[in-house]
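Order of writing sets the labels: A, B and C. Residues in every chain begin at 1.
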Amino acid sequence: MTTPKTTRQPVLRIGGRLSLRIRVRSVAVVLLLAVVALASAVVLIGTGDFPISFADVLSVLLGSGHPADELIVRELRLPRVLVGLLVGGAFGLAGALFQAVSRNPLGSPDILGLGQGATAGALTMIVLFSGSATAVTAGALVGGLVTGTAIYVLAWKRGVHGYRLVLVGIGVSAVMTAVNSYLITKADMVDAARAVVWMTGSLNGRDWTQVWPLLALCAVLVPLALANERGLRMTEMGDDASYALGVRVERLRLVLLACAVLLASAATAAAGPVAFVALTAPQLARRLTRSPGPNLVPSMVMGAALLIVADVLSQRAFGSDQLPVGVVTGALGGVYLLWLLVTERKAGRV
Amino acid sequence: MNRLSAENVTLAYEQRVIARELSVEIPDNSFTVIVGPNACGKSTLLRALSRMLRPSEGRVLLDGQVIHSLPAKKVARTLGLLPQSSVAPDGITVADLVARGRYPHQGLLRQWSPSDERVVQESMERTGVAELADRYVDELSGGQRQRVWIAMALAQETPLLLLDEPTTYLDIQHQLDVLDLCAELHEEHGRTLVAVLHDLNHAARYATHLVALRGGEVVAQGAPRDVVTAELVERVFGIRCQVIEDPETGTPLVVPAARKARATTP
Amino acid sequence: MFVDTPSKQRVAESPAGPARQRRRSAVKAVGLLAALALLVLVATASIAVGAKPLTMGQVWHGLFADTGTYGDVVVGERLSRTVLGLLAGAALGLSGAVLQALTRNPLADPGLLGINAGASAAVVTAITFFGVTSIGGYVWFAFAGAMLVGALVWFLGGSRGATPVRLALAGMAIAAALQGYLQAMMILDEAALGRMRFWTVGSLSSASWSSIGQVLPFMVTGTFLALALARPLNAMEMGDDTARALGAHLNRTRALSMLAATLLCGAATAACGPIVFVGLMVPHVVRSFTGPDLRWILPYATVLSPVLLLGADVIGRVVVRPSELQVGVVTAVIGGPLFIFLVRRRRTAQL
C-alpha cells in the first residue's frame, strides 16, 4: 500500500494491473456503522415480551444457547431483524442512488412517489381484496415497479434531467396520495387500521419468507450498483463533463435508477414505506465520511443501522409492537430535515 | 484525411434547426478557433464535434469512424472537452477533481496506477495549480477554477482538446493566461485544439486556423491572416471596421469604426 | 429561471396604442362575464345532479319557491354543498394564483407547498388531544397549522432566490414529516382514524350552513386582500430589484400575500379537507389567455376555480353511482397529469 502525493489517499496495488483507491475515513465509517448496526441487532433480538440477555443472544447466534431461547431467536426475532437490516440497507442504497442521479439531496423514493405507488398497490390488496400478507407484499412490489417505470418514462425527454425527475415524481406522488386516501375511506375500520400501520412501515411479524427474496435481490443489485459507482461519481460534474470523460450518462442513469427502483420497491414490499430512511441515510453518511461522491456503501450501512436503532428505540420507548418503526424514523427524519434545510440554505445549496 | 471532421451535419435542438448541411474539417495539429456572432451555432458545432449533440443528419468523423458509434471511453481517450458549464462536486479538492480526468484510463480493478499519479501531477504543474492541490475548488477564484478544469481536461491526455468559450467570465489577465496555456499546449505538445471564442482579436492572435460562422453556415475558414478582412468582419458580425496589423504579433487586429461612421452603414 | 415569460409578447404589442389596449380589456371583461355564466351553469348542475336527479323546474322551485316538497329538501341539501364548493374553489384558486406570483413559481400550490398537510396535522391534533369534533372547531386548528407550515416553507425554501424545486421540496418534505405524525396519531387513536380518513381525502359532502358561516369571514377577508394585492404582485413578478425600483414595498407585499394565501387556503382546507391541484391548475389555464397581468388573473381564477371544483364534484357523484368519488380524488386525478405535462413542456434550458 502506498500513499501518493497528489491525492493523499492510500492505494492498494498488487502487481501492475490491480490498483484500488482506499478512503481511510470512509472505511472507518463503514466499519463503525456496521458494528453499531450489528450490536443494535443483537439488542433488538433480545428485546420483547420475553427478554433475552445480550450474551444469551450471542450464544444462540453462535449455536450454543438454550433450546427455548433458540426457538424464539431463530424462528421469531432473527428473521425480523434480518428484514430490518436488509430493508434499511436497501433504502439507504436506493436513496443514495436517487439523490446522486437527481443531483438533489431531497430526491428520495418517498418524495419521488415510489413509496406512495407501492402503498397504492398494497392498499389495493388490503382494502379491495382483504389480501393475505403475501398478496400485500406482491401488490406493493408491483405498485412500486409500475410507479418507478412511469416516473422514468414521464420524466424522459431526450434524457432524464434530474430536476424534471424530481418534479414529475412530486406530481405522481400527489396523485398516488389521493388514490391512497380514497382507498382508505373505502375500507372498513379493521382494514383501515391495518392499512395505516402498513403505510407507516413496520417490522412486526416479518419472517423468513421475507428474508430470502430480499437477500437474493440485494445479492444481485448491490454489486451492480457498486460497479457503476465510479461513473456515477463523474456525473456530479454535469452531463457534458462526464460524457466527455467517457461516461455513458443516460445508460448509467437507466441502470442505476432501475436498481434503485427495484431495491426501494422490494424493501417497501417487505416492511412498508418506512419514512425518511432513504432520505436521511445518504446525507448522514456523506457528512460522516466527509467525502464527495455518492457514498454508496456508507449510505447502505447507515440505512441498516438507522432502521435497526429506530426499531430498538420504538420497542423500548413504546413497548413491544406498539408503534411501528416508521413513526420513529419519521420523527428523527423530520428533525434532521429541518436542520438540513436550514444549513443548506445558509450554504446556498439544495 | 484529418482526424476530426463534420460532414454535412444538420444540427437541431428538438425542432429548432441551428445549422443545416454544415461541413468542417479540423486540420491536424492546428489551434482552430470558431468565431461568429451570438446564436450563429458555434457552440452547437463544438458540441457536435465533441459528440455531446447527435446530428439529426450527416455525421461527425473521428479517425475515419462515426464518432457516435465508437465506445465512449475510447473516444474519451482521444478527444477531450472543456464544457461551458461544469459543476464542481461539493467539497472536492483540486487534486481530486483533476484526478477525475483519468476516468477513461481507469477500470474497476485499475483505479489508481502510477501513471495516473504522474499525469495528474504534471497536469497541475502545467496549469500552475499544483500548489492549490489540497484546496477546495469552491474556495478558488474564477481564473483559478478555470485552470483547474483545464488541468482536468489535460489529465485526460487526449491528442485532441475542445474548449467551449474557455475565457468567458475571466478578466483580461486570466483570459490571456488561459490562451497562452492553450498556445503552449498546441506548440510544445502538438495537440490539436479547437476553441470557441467571443473575442475576434484573441482569435486572430492565437489561432492557426479560423472558422467563421454566421447563421449556421461557414462564411470563411483558413489562416487568420487570410480570413480576417474588413469585408469579412462586416459580413459576419455586421460592423464596419478597419483591420490593421497587430503591432505586437503582426496578426490582424480588428478596430471597429467610430460610432458616427458605423451609423451610416447601409 | 422557471418563470413563464409571456411578458415579451406584451412588450412587443404595447406600441399598438391605447385603443387596442382598451379593446383587449373589453374582450377580457366579456370573457369574465362568460366565465360567470359558466359558473352559474355548473352550480345549477351541482344542484341538479346526484343520487336523485332533478329537473330544471324542480331546481327553480326549490331555490325560489320553497314549499317543502321532497325536491325542495334535496335542493336545500345540495345548495349548502354547492355554496361550499363555490367558496372553497374560489379560495383555493385565488390562493394558488397569489402563491405562484409571490414565489415566481408556476408550480406553487397549497397542496404541494405542504400547507394542506400543516392543516391536516393540526386537525388530527385537535381531534386526538382536544377532543374537537365539529368543523367549526377544526377551523382554528387548520388555520394555525396552515399558517405555521406556510411560514416554515417560506423560510426554509429560501424567501430570496427561492427556486421552484427548493420550495416544492421543502413543502413536500414537511408534508412527509407531518404525514408520519398523522399516521402515528391514527394508529394510536382509533377515533382519530375514523374521522381523519374521511377528512384527509378532501370532500364537499359534509357541507353545512353552520360550517359555511364559520369559514366565510376568513374567505371574504382573504379574497379582498388577495384582489387588492394584484398591482404590487404584478411589480414583484419582475424580480425584487425591479419591484423595488418601481416603488413596491417588498416585505409588506410578501407578508400580506402569504397572509391572504394562508387565510384562503386554511379556510378551504378546514371546511373540506386538503384538496390539491385546484390552486395549481386554474391560474395556469387562466394565464394562458389573460397574459401575466394579475389584475385579470386573480378575478378569473376566482370565478373559474369553483367551476373546476364543482365540476369535479359533479363528476365524482356521477362516475361511481350510487356511491360517490370525493372531489379531492377527482381533482388529483385530473391535476396530476396536467402538472406532469407542465413540467415536461418546459425546455431543459429553463430547468
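Here is the rule we go by: a contact is a pair of C-beta atoms (placed from the backbone, for glycine too) under 8 Å apart; a residue touches a chain by one contact, two chains touch by 3 or more.
The shown structure was predicted, so the numbers you read here are calculated from the model rather than taken from an experiment.
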Query = When chain C is withheld from the analysis and all other chains remain in place, what is the resulting partition into connected groups?
reply = one piece
Key: Top chain pair, ranked by how many C-beta pairs fall in contact   = A-C
Key: Chain closest to the assembly centre - both centres taken as Cα means   = A
Message = Counting only Cα atoms for the centres, state how far chain A is from chain B in Å.
response = 43
Ask   = Centre to centre, by mean C-alpha position, how many angstrom separate chain B and chain C?
value = 51
Request  = Just give me the whole-number Å value for how far the CA centre of chain A lies from that of chain C.
outcome  = 35
Task = Indicate the residues of chain A shared as contacts by at least two other chains.
result = 158
Remark   = In the complex, the residues of chain A that touch chain C are 104, 106, 110-111, 154-155, 157-158, 161, 163-164, 166-168, 170-175, 177-179, 181-182, 184-185, 187, 189, 192-193, 196-197, 199-200, 275-276, 279, 323-324, 326-327, 329-331, 333-334, 337-338, 341-342, 345, 348, 350
Message = Which residues of chain B touch chain A once you look at their complex with the stated criterion?
response = 14, 47, 50-52, 72-77, 79-81, 83-92, 95-101, 103-104, 106, 108-113, 117, 120-121, 124, 133-134, 153, 156
Remark   = Note: in the complex, chain C contacts chain A through residues 107, 111-112, 156, 158, 161, 164-166, 168-170, 172-174, 176-181, 183-184, 186-188, 190, 193-194, 197-198, 200-202, 276-277, 325-326, 328-329, 331-333, 335-337, 339-340, 343-344, 348, 351
Request  = Would you pull the chain A residues touching chain B in the complex into a rising list?
outcome  = 4-9, 11, 13, 16-21, 158, 227, 230-231, 233-234, 236-238, 240-241, 243-248, 290-293, 349
